[in-house]
Amino acid sequence: WRLQSRAAAAGPDLSGIYPPIATPFTAREEVDAEKLEENLQKYAEVPFKGLVVQGSNGEYPYLTAAERVEVVRTVRRSLPPGRLLMAGSGCESTRATVQLTEKMASAGADAALVVTPSFYKGKMDSRALIRHFTKVADSSPVPVVLYSVPANTGLDLPLEAVVELSQHPNIRGLKDSGGDITRIGLIVHKTKMEDFQVLAGSAGFLMAAYCVGAVGGVCALANVLGRELCELERLCRSGRWDEARVLQQRLIEPNAAVTRKLGVPALKQAMEWFGFHGGACRSPLQPLTEAETQQLRRDFSSNGWL
Amino acid sequence: WRLQSRAAAAGPDLSGIYPPIATPFTAREEVDAEKLEENLQKYAEVPFKGLVVQGSNGEYPYLTAAERVEVVRTVRRSLPPGRLLMAGSGCESTRATVQLTEKMASAGADAALVVTPSFYKGKMDSRALIRHFTKVADSSPVPVVLYSVPANTGLDLPLEAVVELSQHPNIRGLKDSGGDITRIGLIVHKTKMEDFQVLAGSAGFLMAAYCVGAVGGVCALANVLGRELCELERLCRSGRWDEARVLQQRLIEPNAAVTRKLGVPALKQAMEWFGFHGGACRSPLQPLTEAETQQLRRDFSSNGWL
Amino acid sequence: WRLQSRAAAAGPDLSGIYPPIATPFTAREEVDAEKLEENLQKYAEVPFKGLVVQGSNGEYPYLTAAERVEVVRTVRRSLPPGRLLMAGSGCESTRATVQLTEKMASAGADAALVVTPSFYKGKMDSRALIRHFTKVADSSPVPVVLYSVPANTGLDLPLEAVVELSQHPNIRGLKDSGGDITRIGLIVHKTKMEDFQVLAGSAGFLMAAYCVGAVGGVCALANVLGRELCELERLCRSGRWDEARVLQQRLIEPNAAVTRKLGVPALKQAMEWFGFHGGACRSPLQPLTEAETQQLRRDFSSNGWL
Amino acid sequence: WRLQSRAAAAGPDLSGIYPPIATPFTAREEVDAEKLEENLQKYAEVPFKGLVVQGSNGEYPYLTAAERVEVVRTVRRSLPPGRLLMAGSGCESTRATVQLTEKMASAGADAALVVTPSFYKGKMDSRALIRHFTKVADSSPVPVVLYSVPANTGLDLPLEAVVELSQHPNIRGLKDSGGDITRIGLIVHKTKMEDFQVLAGSAGFLMAAYCVGAVGGVCALANVLGRELCELERLCRSGRWDEARVLQQRLIEPNAAVTRKLGVPALKQAMEWFGFHGGACRSPLQPLTEAETQQLRRDFSSNGWL
């Protein structure tokens, strides 16, 4: 069951499931490398394709560039062979993104996940974004994966920009967290002649994304229910859609709870319940209120996960 | 391959493809019953489950209540046995909706498609909408199908309202035109114990909607490419997802052109190209500009339909 | 203190304050002409420029065309000489708007307030809206006032359409309920050579609108605090800005409560508190909850009005 | 003519006009300190209250923390006595904002302008924002001015957060770039007992903001038409509203062109036309296209500025 044609020598196959790993902090809000490593050891037992480090769920906007690189280095050391390390290296300016991408590669990243710059959103049209990603990809030592996450950036990477950028030899895919399945299907369609793969950016539409031609997912929920998401992947890829549907449906509410509804603090709380180190977020992200914690628990328990 | 469990005696099975038929007008903007009937004769040869009359593509907001009923009467006379006639009967006020629903039933509708009232959108919360649809369903002689079309109404029927309304014995389904596939999957999940079916409201996400548990689609594009959409339905229902994907992908751009991008005037223009009567819209809808017509043609031809 | 230049013979001067009157209903949701007339008698004692009948606060989308005309007739009979009757006559289709505008004029309207059609919002560009309003104005026996109310319609009448339409001899003004004061200032600037006046569509930005060149306001809150809004008008027009500011600031929260926050049900509740007949709304608008009623009371009392 | 009551000893009076200065770059996109200083010399001749350094128009998201501080230091050296230096020190994390605010104070800032963190916008509710700004203000050596710029951040600092934060002894004001004049009036009203001042964040609604009680403006356009904005301030403060209105109206289109419509590249282009150093932006901001440059020129010339 082939999802997208790929040239043999074209670099890493991105297909599979990735947790965009959370960053544990100490009580003083410092990066807690020890707890991170304990999480990584547990993730090593799950059949992930790899890990995304410094995605939105890693609180990357709250880390310094040095911290961002150091976390990648830590992950690289722990990562079993064959696992792909995709490192978020997007910054607002092109020059900072170029520099951080190089550092991420030096720190051991196999690919760079580059979010759309978005502060001047009114000016971030296709022209500007194509030039930005082209410059980054031109100089990046590792393949680049585009990253569109409108819930955080207020900006959807325009389809025509994706199509043009898909032709760049060093741009290999897109993580699309917007969840517009029509758009995802059309992107797959219009990039099918390229060495370009689409990853669903959330567990809520993972099955539907497979259905229309995506090859995997970078899913916050994989920090918590990693095995289940890998099982969903297996069902989709082997064409067992009826079983997949049952599993997918049970994952929608827990996923919404740890992303759109309650965000990173909820993700970290749920991680604690499932045996991982989550802990607190950096400020200004606040701990869940008691009511939010109960809502979160309900969203897991009513679907049979707690 | 069963999509949703349904009690045997529970009224019409909604599953299948429906064109939300366009309303042809004369040069003086009067309803052209003759041309409408000629279209109906052609649609009779396509394996549709039925027709939707007075959906958004029927320009219902531009018709008087009397015209809306008369069109339904015309369609009823022409409709082959076994085809389901779903009539749009939504108005802004509950009382007008109740009255028009009764008239639609008298005129021969098998089911009523009831759009969310939306003018006072700030006040159309779950409480108000649940009462509205409950009153309408209580008094309706025919089953009611909920209709959420945020692109036109600026309002998405809240999920909790759908779930509660799904328990009403005379509410049988939802046409969801928003296209949020995560939401569609969750609605299927949370209504699976009810006699309730979900229809995709657009061809752009039809395959994905089948994938997550919808049972059919009400698709503007079915006015033009009806056979192809019925073929897509057949592929999805028989589990031939790889073939389905290829067909689905070729339908996204033509569908976007006749809906979101260029709207009803484009739908009617494309109908002309494919042997149906489309013609002009009622004002204030304007004919396509020359540039828009070329864009429309490109969206069909680049996907191999023209 | 002149706000906008106007030719002498050009029809009614629109400047001043208008309540967009609420429509009282009986317990069975029928129009209550008696209570309406009692309200009108009280409004006759307030120095309003006139009344708006069938604005958004009149629940016009819930009235039949016949009811809409009948209410105008009732108001005409009660209106003291010299007061201007502006009747909402907007419908979705151009033809229905043309017809209703003529009926409103026959029923005694001095001007027609014509809202933007909005169902097919994606197609309601300047071209379509200019043609719509031009056709309506061409055939209207009374002057036309444009009406832009994006909170309800999801559509802002584009500035370039306003500017072009301002040149039509039978289009005399704009009621702008969007509240974008930069836009209002620019509209005044770009229409200053025309016989065209701008009215603020809400009490919340009435003083600021006067400041940038508007000549009056159609304010839901005038149903409740009509004298106070006329006093605010007087202060603004006589350049007593410091006193105006103190009054304006006390009106913002009550105004928000009866419009954006709690809507027409709150407006009608507040009317009861201030000696007018408000009563219930037509369904699907629901009565306020107890918590909403308390919030409403707080928004009036904390500003010294209750 | 008093706008807001202020305790005598409470730190700097913020009232007046500030250009949020642009950052000139060399051809290699390095900060061009020389050109910056030449601009500063020209600004010294305009009766500004002070300068904002590292506002949105200063491309601060494209500068490193070190560059941001260095620019402040450069400005401090050139600033005539009595001029207020307000430095943008907002970052996504609370800790980074605390640190940068301290550095800005050390570099000579008289006040810190702190933008809302916004990446996790779904979680940036009043609770989170109040804690963030409180921590920053607690530790800041200089007074803090809140900064809400929804066009860039996708987030409006909630009114209740502003009201609560206005009570903090080290929080002295708000720069509001949203332009909702009703909100601005209400903020003035609800903070009038505090030592708190509101500045308009754009020239488009400067007069209206004065009208409802703001005390000044931080206006991109002041980089280009600084004298004219100071003249508008003078007219507003001396109650010459009719003259103010004429001037304000001519400034709306040029202002829109250099902000919302064409952004920082247009601001820098216009600066060149008016004798300042603008130059190119850092990538991914792109130079204007020829069509955009013509549009920009039209927006200035049609209002008599070119």
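As written, the chain order gives the labels A, B, C and D, with residue 1 at the start of each chain.
Note that in this section a contact is a pair of C-beta atoms (placed from the backbone, for glycine too) under 8 Å apart; a residue touches a chain by one contact, two chains touch by 3 or more.
Note that the structure is predicted; figures quoted are calculated from it, not measured.
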| item | value |
| --- | --- |
| Minimal step count in the chain contact network, chain A to chain C | 2 |
| Farthest-lying chain, centroid of Cα atoms versus that of chain B | D |
| Whole-Å separation of chain centres (CA-atom averages), chain B against chain C | 35 |
| Centre-of-Cα separation between chain D and chain B, whole angstrom | 49 |
| Residue list for chain C, restricted to those that touch at least two other chains | none |
| Chain contact graph, described as a line, ring, star, complete graph or other shape | ring |
| Inter-chain touch pairs (all) | A-B, A-D, B-C, C-D |
| Touching residues on chain A, where the partner in the complex is chain B | 1, 179-182, 185-186, 188-189, 202, 204-205, 207-208, 211-213, 239, 241-242, 245, 248-250, 252-253, 256 |
| Complex interface listing, chain B residues touching chain C | 29, 56, 61-64, 92-96, 117, 119-124, 127-129, 131-132, 135, 151-154, 260-261, 263-265, 282-286 |
